[in-house]
Each structure stands twice: as structure tokens, then as C-alpha cells.
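Structures given as C-alpha cells follow.
What follows is a pair of complexes built around subunit A, which joins subunit B in one and subunit C in the other.
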Partner chain A sequence: MPSQPALPHLLAPYVSSPPQSSLTIVSSVLGATSNWLVLRFLYAALGNPSASNSGYDISGLENGKKKKVVLVSFLRGWEFWRSEAKRLGLDLARLTEKRRFAFVDGLSDLFSSSSTPSQSPLSSHQYPGAGAVPRTTLPIRPQPTPARLRQPVPLSTGSNGIASQTARESGPITKLHFSGSGVAALDALEKEIAAVINELVDTKLGDDRGESEIILVVDQSDLLLAATGASKGIGATEMGDWIMGLQQAAYATIATISADSPLIHNASAFAHEAPPPLETEHAAFAVGLAHRAEIIMQLRNLETGAARDVSGVLRVSKGSAWGQREIATAEESWEEKEVLYFVQRDGGVNVFGRGE
Partner chain B sequence: MSFRKRNVGLTTGADRTSVPNISTPPQAATQSAPPTPGVRPSPDDGRPTTSTGSPSLDNLLAGHGGLPVGKMLLLEENGTTDFAGALLRYYAAEGVVQDQKVHVVGMQEQWGRSLPGLIGPAENANEKSDRRKSERMKIAWRYERLGEFGAGVAGARAPAAGSGGQAPSTDGGQATQPAFCHAFDLTKRLTHPSIGNMTYIPIRPSNEPLLVSIQKKLEAAIASSPPNTVHRIVIPSFLNPTVYPPEVSQPENVLPFLHSLRALLSRPASRITAIITLPLSLFPRSSGLVRWMELISDGVIELCPFPHSADALSTSGAATSHEEPPQGMLKTHRLPVLHERGGGSDQNIGQDWAFTLSRRKFEIKPFSLPPAEGDKEAQDSTRSDKMPKKADLEF
Partner chain C sequence: MVPSNMSHRQTHNLLLISKLLSLRDTASPLTLLLDSLEQPATPLVKEYIRRARLSNVHVTLIAFETLKPLEGVDAFISGRRKSPSEILKDVAAAYQPDSSNTPNRRRLILIDSINPLLRSTRLDKNFHLSTFLSSFIIPSGSPTAKIDSSLVITFHLDVPGRPAQSPYAPDPLTVLTYLATTVIKLHSFSHILAQKAARDRSLVPPVFGLAEEQDGVLLGRLDKPIGKDSAEGGVVLEMEYRRKSGRGVLEWYLLPPASRYPPTQVKEVVTLLDDHPLYRPPEEVGGGDEEEPESTFELRLTERQRREREGVVLPYFDAQQGDGPGEGGRILYDMGEEDDFDEEEDEI
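Presenting the complex of A and B:
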């Protein structure tokens, strides 16, 4: 089906216009990842209105406001998103130049350790090969790196503390770096992301008629929670607050989260022994987010086993925050639904009901 | 008029010469990339892939015919067997043979000395397909060139130049094109000039967290090698308490390590693949930690060897008397690239796989239960109850 619209009809009402200051949760499991759905959100906000042959008006211009997207990804790099979006017809690099899109890289340097100067001499003693390596914030890459990412290697001095932990670059991609512990570390990350959002808000386009709507997509932020844990002083509460802080900066927020059964159900089971903190915190974080969300989109595997023409099941349901706002506009008229989806080899997605 | 215009456009010499001139440089550029031995573009989408050292595992990986560069595979194994270790040795040996840089984490040089010996490029498969060809009943000649059953896209693609199984590609193609995958013999030891190039990152107590120091050493080793080197990171029995100290298996140690490993692999300039094996008996899949390790990995494959008591089942599991009985089940929970995109649309999805490790290869086949052969006695006894035997009927 090559003529398939990039945004399937059944999906369009759910992804095209997230309501103001809302939180949308996309949950995924190991065999049913959410990347394709995130890309559909990007497409709905950034896609070319003339290219959409569906009946829905998914144009970026709505009420005279231009939609912009900030994508924060903790598990996938820029290369992945750029190439996958290209398959949909979205040129993220060009959109970045046009200041309609910004990517925040939470993968490359999040836990890179070489920024702590106190540890560098140690490692160079143990490993003579690393002796000649300068102390840079970035881990060392081969010198004649082809300039495929249009960003200069930051000449960070790696002095110490919070000032250098988030190496801002002049390039289009901001790289997050986690350092320190507890709420302070999260705050630093939040500041970094908020700076990117504000930068995008401030840039006025020539043909811009009004202010712009920033849609923030936080992809797999639960990794932060899982990888830090109690020893770093980060729990479900802190993460929930962190997401809420980010929500304030953006017009609407979309967060993806893992909802595999070991992560969710281990905690609540009447287990004979207390579940490990990883599970309890994750479940608390996920459930807490679901209570604050307006729309919850769950992706999961087919219960009856894998099939060749079905990738998984998508269930759209209303979160706890649904209906709490006073004015229910027309665009919010959607209903809960469970459909099957199939991601084709060419990147297109087929969404259909059971038995169709 | 329109005829003329078209004619003019076609016959102008300037256009003809200029177009090839423009189009040749990109061709040269694309051709200059593949010469790295052991790296070939995927038949699915053209991304560079490298072989895991066992052809049937290559074919399992969602039509790419190999492990895509920059991807990380997590091999999990139940029980106390070491089938995953055998796969890992194939992977490391293939890297050595292809002159790639192999980094072994957590093991001593001894591990590298036990790599399986080289038989030759696909010689093994060649011999096997010949034998099969002679013994198998011919059903339809025209289907034969479609490749071996279960061989996947790559198997069907490889012999595009010739016909038949892998045999012609070794005869004709090998002379010009270096082999992508080799066959190894587990009973022999690998002797190759570049085996000394393997780097070992042993586990030594240090002042900083263990995995952080491993990560630094890995990055330093990769940074110190010349660019365009293809790297393989091998992590045998990760988190195994006989190798790793217990505090390492805390999520706040493991997950940042895997995350930064993933970051290392996904750097645009780097050409690295990694395979990690994990003992599932110690770290069950139902725990949140293992699930997060799987979520960070690009591919997750679980090996479930049959227990010894299931020998009867496994002998009957062989489809014919010539095939070796399967030694266990193999489950693919996540495949590189495919599931990152959303999953589905792979012909191998939803299959039950069985694996057989023999001296010369690790073979993955679709698992099927044949008619119960072991029940012969039971059938005989029931028959004897109902019907009088022939001897009884004779007068």
C-alpha cells in the first residue's frame, strides 16, 4: 500500500492536536516500541499540510499558531531519528535550521564519565594507552572524524561542577549530561531542556503571525530513573516533578515510557519479599504519570503471539486528567479505542480495527 | 515541434558527457566504503552489516543478513549450558579472521586462545548442501534456486549471481569478493596472524566503579585504533558472579554502563558491534533489571536448551534421520533495526526456532514436532489389544 497517508486516518484525531498544557503518555513494551508513534506525533506537528491527503486538518498552522517540536530522546541518537523521519518525508535537519524543530540528545553523553577530572589521572595510570588523551567533556573519538554531525567538537575545559556539566554547543543538537545527584542533577537537565524550548519560542519567523506552540516529546525518560535509582537520590516523585517542570515550559507534552510487565506488575504483586526498588519506583512513576495524563496510548504485543501482518496492539484510553478542564473544545472529541497496527517495511503504518 | 525538441535534448553531446561525469564521483564514493573486509551492505536497506560468524544467526536478524554496524545484541541463556558462549566465540573468531578489532571484556587471554579453528569460507555449508542435494527427494526443481528453507533474505540473495545454494558463490564469487562469513570448527583452535590484536579488558579492582573503568578502557582502546577500523565488543557472561563482583549488578551500575555502551556504538563515526551474553538463571527475565537491559539492547535473543531429561523429545524432534536433533529452543524477543522501527513484517517473526550446535556450526531451524515416534510401543500394545495378531489368525 504505497499510497498510504503518513498519518493513518484512525490515528489522526489522537496525535494531531494535543490540548494545551496536556500530558500524553505513550507506553511501550520490549517487542512493541513506540518510535513509530513518536514519529507520527512529529509528523502531525511538523508535516507539510499539502502533503496530507487525509481529511483531517493537520496543518502546522492552527489558530494562527505554528507548531514546533522539541524532541528529547534518551535511548536513540540523532542519526536514528533523522533517518527514520526521512522515510516519512520529514527533513529534520532542515526543520532544525528553520527553527521549527530541536533535538536534545540524551544518549551520547548522558553518563559519559570522562568529564570528572579527578578520575582522569587514575585511569591514565592504569591504562597507559589513554595517557595521551586530553581531558575533554566528550569521550574521545577518532581524530579525523568526518563532519557528519554539523557540530563542532566542544572545546570544554571540563573544569568542574555544574558550569561545565552541560556542555552547550553552538550546533543544532544539545547533549545532556547527567552529573551530581538528586534533584540538583535533574534540575540541571531540566534547565538545559527549558533553554532549548525558550530558544525555539524566541526565534520569530518572518511569516510568523502569532506565537508558536511548542510540543515537547520526552522519549524514554524512565531510563533516567532506572539508571540512577535511590543511590543518586532520584525516585518516582522526583521524576514526576521533573516531568511536571518540563510541562510548564511547553504547550503540550508527550512522554513515552516502558510498561513491560516486570516493570509494572512486580511492584504491585503480593510478593513474598519486597520487590527491588527499580520496579517499585518505575511502577510508581508510570502510574503517577498516567494519573496526570489526558491521553494514554498503550502499545503492546499481540496476545495471541506474533503475526506476520500485525505488529502490535494500540489502545487509546483517557487518563485521569481527562475532563478536568472547563472548556471542552471540539477537537477533544475522541473516544477510547483499541486497534491493531502494522509497521510496513517502507516505514508506513497501517492502523485497523480487529477483523478488518 | 515537440519531436524536434526531444531529439535535440537527446542528441546533444554536452549533456551526455556531463551527466556521467557528475554521476561517477558518488559511485566511486559508495564503492570506496565497502572494501572493508567483513562488512557488506544489508540487502534490506543497505546499511552496513557484519557477520556474527554463524550463518544461521546472520539470517535470523530481520533480513539484514548480519548484525548491523552500531547495534548491540543481548544473548540470554537459561540453565548452566554455554551455547551462547559458543555463539560468542564464533563472533569473536569471525572478527579475528576479518582483521577487525576484537575487545573482550572481563576475560583473560585464555578465552581468546579457545576460539574455534577456521575451516574456510563457507566450505562447511558447501559440503552440507551438496550432501543434501544428493539425498533429498526432488520435489520441484524450480524452487531449488530460491535458497535453503529458512535461510531468509540473505540466503536467497547471496547466490544471485549463480544458482543453487551457497555453492556457486564460493566457486565463482569468492575469488573476487572476500568472504563475509566463515565456517569454524569448535574442536580446533584458531591460529591466525591477527589473533594477537585482540584486546582484553580484565576485571581489576580500582578506585572508581568497575564498569566505569571498563567503559573508559573500551573508549580509550577504540579511540587509539586507526579510524575506519571495525570493532567488536565481546562481553561473555555479563554480571556472572564468578567474574564480576556482586555490587556491579546493581541497576545504577549496569544500566549507565549499557547506556554509554549504546552511546559509544551509535556515534556516527564509529563502526562497532557488540554481543553480550547473560546467564538467565542468575538474572531472570521477570526482573526489572534484565528487562531494562533488554530495552537498552538492540536485539534480544533467548536460548532455552532442552534439559537432559528431554533427550527423548529432542531425538524425535529431528525431521529426518539425517538431521541432528535440536538441542534447545531459541526465542527472538527483539531484533535489531526491525523492532526499533516498530516491529512486524518480517517473515521470521512468530516462528518457533530450534538450535543445534554441532562441531562445525550453530544451526537455527524452525522447530516442529514430528509425529510421535517414541510412542511405537504404546501403539503396538493398543493394537494388540484390539486386533488379534497375525500369528493368532493363522491356522
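Presenting the complex of A and C:
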């Protein structure tokens, strides 16, 4: 367990209760990734502040509503999120059984033609032999974490025995499969994700009673845009519409997006050369999303260079859509802020102001 | 500066913005709002809706970005995944003008952001922006009917456009600015103040947000970076109004935050930017011509002291009278009532 609270108190007001039908954008750069922040969102919705193992009954109950999370990830596999969440004391496999959490895998089989797009249990026969191993080892934490090597989490082994063991633990996870082109293909993906959301809403399993709030986390959907592009008839507008469709299905949506300089600024009005299409579409997608977001959380490197005790800077701002809300209630009022953060070796995160 | 000129401009331009925002006499059939992440157009759009409600105007919002209808909108039309002709049909269906005796309600059509439509890959080659926009304003049935709709379009300046399909086709922004009868560009008041402060010191004005070109920065604006109650909230509107004669009117206005006035206020809330005390501090009364160093001593003269000083005949005037050598150049001094006669000092 990390020594400091899993949810730093400076961060808590921003991640714990995203307003209804809102869009939160988390932008990241290569040197300051957003995985830790996504995990904090998961923890804020699912975590149990008092105990880690003795039941999840009291957790996530706010206004008598249960919070549930659907995580759609395009850049990381299930193993990554499971092991990272475990470091926070979140057992995602068990939460999946309890129908509090669902994982949608947009990485493993997105473009492979063999698998079926329907819901299928993650089991060993789905892996086409060794081909699956590089995919599961792709997502490595960008932060140097020597502690991870000492951990028993078998991230890089990827043998069949481990995979089938995961299957028993995790239950069904949905794998997205991209087929066709254009809006029809995106609609199919949207339908699959919406099906997962609806299943969580009206599930009869588990200890579920009363209303529940579904928080949808879409991790790095810009991969989809970059991998398809204009040749498949998908541009920034189509992606933006896709996110909007997902927003309608969930209570609140959190989307992460890359905001590295080349992706954003090559296509800006200040550039003189004609920008390549990938950069143009990405910039239009990212800026367009930011125009629609209520809350924008920007992660970036420290301007003064790398430091031993600072991983990066987090700036929380109100997005354009914030002004559309009527007078904010007391729980929704928060201030814009810029803080530093430090991701430690054990996965714990320190958040502090400048000079503190 | 001629004060009457200033007050004339004040009255005239304030009347103009009031007419434009309240959609009186359809002064501007097509208004283009140019915004950015640093200053979104939302406050101004809300102000449009507020005024439309006050004067009983039918409000239609065509939403490409907005998920939930804003308060005060009569018809909400989602533009998601719709072709331009479908949108036109929906807009026409949203409000059926009464053919009976009562005069029709005026109509305000808002487009929350035109960028997604312009970027859409599914636009066919036959799509013409000007035709699309004018069919909102001019009802197709009767071209002679009186125009009573106003169109307000938001365009995000920082969303890069689609590469031109034809090398000879103009950029959509060019077309929009050409068509628009009013162009309003929005700025954040705090940024305008910061840039003015830099210009006053002959420094390079700072840039914010995306223009900083810093890695990972999409949005530079922080709400209230210093004090909580700074008076710097507000939106600066850089307006260009094209008259029917072709002459343009340029003016900068300030729209205060919506929390500063009740939603039912009829009196004009927009002021000229030049009239704002933070942008142009009021000049000191009377002391405009002479700059004197400040100190704890009172170095300035009172009116009476100045009069008496002017009355003193200086020694060289006396010397010019030419009473002969040795004469003249005397110090002529009349004792004032506050002078204290001192024997020892004055006996020389």
C-alpha cells in the first residue's frame, strides 16, 4: 500500500464527482502520461477509503447512488490496468464480478480480422499463440519503476497459464473490433460500448439496488483517429460525434488525449507549411474536444527541465462548456489550479503546490 | 481629444451594440462570433438568449457541440450526424410562422459551432456555405417575405480547418467573414489588460494558451490567478459592423460577467472598453500638463502663493531702470502679513 493516501487531498475535488453529463478532458504529453490520473478517477469512483478487502458496500455511495465505471482503453491492455489498480488497492477483477466495473479492450483485437466483435470471455484460446505476447507487453509504464520488477505481477510473462488464470478472475471483458469504414464503423464501436454500459445499468447481478451513475473513461481515443484517418472516412468531426454519442449513454465522461506539441502546433495557424493530415485532424479533434469540455486537466513536463522529485505539472481549468451550466451548486464549485505532482516508485502520487 | 466627439461616439456605438445584441430591426442578419479556447463565446451567446427572451424572440439552437439545451432555448436541434439539408428541414419545422393576423415572432437561430460541419468528411461537393446560410435567413417559400430571422454563428479560430478541396476555393473562414454583416471577435478582459500593460511599457505583448506553443498546453487561462474578487472578469468584444452603405464601424466593447446584473435587466449592460477604468484610468483633474515629483513635502504652490510670486519685482528689472552705477539691482520686498520681522537677520 502506498504510504500517502491513494487520492491526494488536493486532487480530490477535481476527480471525485464529475458533474452530470459532463465531459472531462485529460490531456497528456509523452513525458507526462495520464495513466496515474485515470487510476485516480477509478479510485475516486470505486475505491473504498477504509478498507481494501472487506467488501465494497459503503464505497461509492453518494446521494444514494452507486458509481460504476466503464473503462475503454485504446493504448493499454487489461493486464496493465489490473496490476496498476492493484497497487492502489483496487481489485478490478473482483469489481468486475460485482458489476461495478467493466473493461472494454480497444487494444488487443481492434484491427485483427480473426476475432469476433461480440462479447467473449478472455481466455487462452483467444490468443493466437505468440502473437498476443508483444501486445500485452506493449504497455509499459513510462515512469522508471524498478519496484515493479520485484513485484510478483506477471506482466511480461504472458504464458497461457497466466492468461487462463486471468480469465477466471476477470470474467467477461469486451474487445472492440474495428471493421468497415467511416461513420458505420464508429457507430458499431459506439453500440458495443453502449451495450456494456447498459448491461452495467440494469444488471440484476451483484448487490445492486437503486440508481447508479456510470462514469465512462475513454483512454487515448486519438489512437483510433490516427490509425484510421481520412482513408477510412474518419476525421475530427466524426470522432467528436462519436465521443458525443458515448456521452449520451453515460452519466459523466472522461476522455484522455495527447497534446504533444507536434500533434497540436504543426497544424496551427502559426505554421507556415501545409500541415500533414494526421496533425490537422488530431489538432482539430483535441481542440474541438476542449471546446466541449467542462473540465480540462492538462499534464505537462516541468518547464525548467527534469527534476528528481517532480514528475510534471497538472493544470486544471474550466472548459468552454462550463459557462453553459447554470449557477453551479456548492458541490460543483471549484477553483482553477496549477499544481505539481510526483509519481513514486510504488505507484503512489504526491500532489503539491509550487514551493510546498 | 474633443469631449463632444467622444460622447457622440459613446452614444452612437452603445446604441448600435444594443440594437445588434437585441436583434432590433434585424440590424444584422448574419453575425459571426470568432472565439477561441482562451475566450469562448458562451457568455455572449447566453446574453443573446437572455435578450431574446426579454423581447419574446423565438430561439433555435443548432447544436454541433452542445449536449444539453441551454436554458431559454425554444427549439434545440442536434446537428450530430446530420446532413446540411436535414438540418435545414429541422430548423424550418421547429417554428411554423402563423399565417393569421398576428405579426410573426422574430427568430434567432444560433449555431453553437460551425467548425464540425465545415470539417465533416461527408460534405458533398455541392455544398455551398453561402447557400446553406442564406436559406436560414430567407424562407424558401416566399422570397419577397420580410426577413425576420437573425443568424448567429460561432466559429472557433483555433480549430485548424480542413485542407482545401480545390486550390481555388476560398477558406471557409474567408467566406464567413465576407458574408457576415457583423463580426465580433472575443477576447478575455484580463488578457487585454495584460497586453495593454505590456504595450504601455513598449514590451512585446504576451500571448496565451495555444499561441504560447508550449508542450502540453491547450488552455492558458486560469480563472482568478491572483485575487478572488478581481474586477477583471468579462468579455471584450471587438466588433465590426458593416452598414448597408458599405461603411464599417469598428468598436471595442466590454460585456461584464452575467453575475453582475439580474437576468431581467433591460438597461444596457455593455460598455465601451475605453470607458472602463481599468483599461483607461481616468486622468487626474487639472494636473494633466505638469508632472511634479511626489514627496512628503508639499512642493506645489497654492493659488495665492503663485499670485504673490508673480508680483515680486526681480532685482534685474530694478537694475534696468538705469538710475546710474551703484543704483538698481536692489531686492525690493514687501512684507506679507505672515512674515515675521527678525531684527538680526534683516539688519544687513
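Here is the rule we use: the second predicted complex is superposed on the first by the 273 of 356 C-alpha atoms of A that agree within 3 Å, B and C clash if a C-alpha of one lies under 4 Å from a C-alpha of the other, contacts with A are read in each partner's own complex, and residues count from 1 in each chain.
The definition used in the following text is that a contact is a pair of C-beta atoms (placed from the backbone, for glycine too) under 8 Å apart; a residue touches a chain by one contact, two chains touch by 3 or more.
All values derive from a computational prediction rather than experimental measurement.
Using the contact criterion defined above for the overlaid structures, shared-chain residue A:Ala274 touches subunit C, although it does not reach subunit B. With both structures placed on the common chain, the touch criterion links A:Ala32 to subunit B and to subunit C.
Touch criterion met: A:Gln298 reaches subunit C, while subunit B stays clear of it.
In the superposed model, A:Ala227 lies in contact with subunit B only, and not with subunit C. Contacts of A:Asp260 after superposition on the shared chain: both subunit B and subunit C are touched. Of the two partner chains placed around the shared chain by superposition, subunit B is the only one that A:Leu107 touches, whereas subunit C remains out of contact. Once chain A of one complex is fitted onto chain A of the other, the partner contacts of A:Glu79 are limited to subunit B, with no touch recorded for subunit C. Once chain A of one complex is fitted onto chain A of the other, the partner contacts of A:Ser181 are absent, as it touches neither subunit B nor subunit C. Of the two partner chains placed around the shared chain by superposition, subunit C is the only one that A:Glu338 touches, whereas subunit B remains out of contact. On subunit A, the surface patch touched by subunit B in one complex and by subunit C in the other comprises residues 32, 260, 275.
Contact residues of subunit A toward subunit B in the complex are 30-33, 35-36, 75-77, 79-80, 84, 107-114, 119, 122-123, 126-127, 129-130, 133, 139-146, 148-149, 220, 223, 226-229, 231-232, 258, 260, 262-263, 266, 275-276, 278-279, 282, 305-312, 341-345, 347, 349. Listed in rising order, the residues of subunit A touching subunit C in the complex are 21, 23, 27-29, 32, 182-183, 230, 233-238, 240-241, 244-245, 247-248, 259-261, 264-265, 267-270, 274-275, 277, 280, 283-284, 286-288, 290-292, 296, 298-301, 303, 315, 317-321, 323-324, 326, 335-338.
If you check the complex, the residues on subunit C that touch subunit A are 37, 40, 42-43, 46, 65-68, 70-71, 80-81, 113, 115-117, 119-122, 156-160, 162-163, 210-211, 213-219, 221-224. Interface residues of subunit B facing subunit A in the complex, by the touch rule stated above, are 44, 204, 206-208, 212-213, 215-217, 219-221, 223-227, 250-252, 255-257, 259-260, 262-264, 266-270, 285-292, 294-296, 300, 333-334, 339-347, 349-350.
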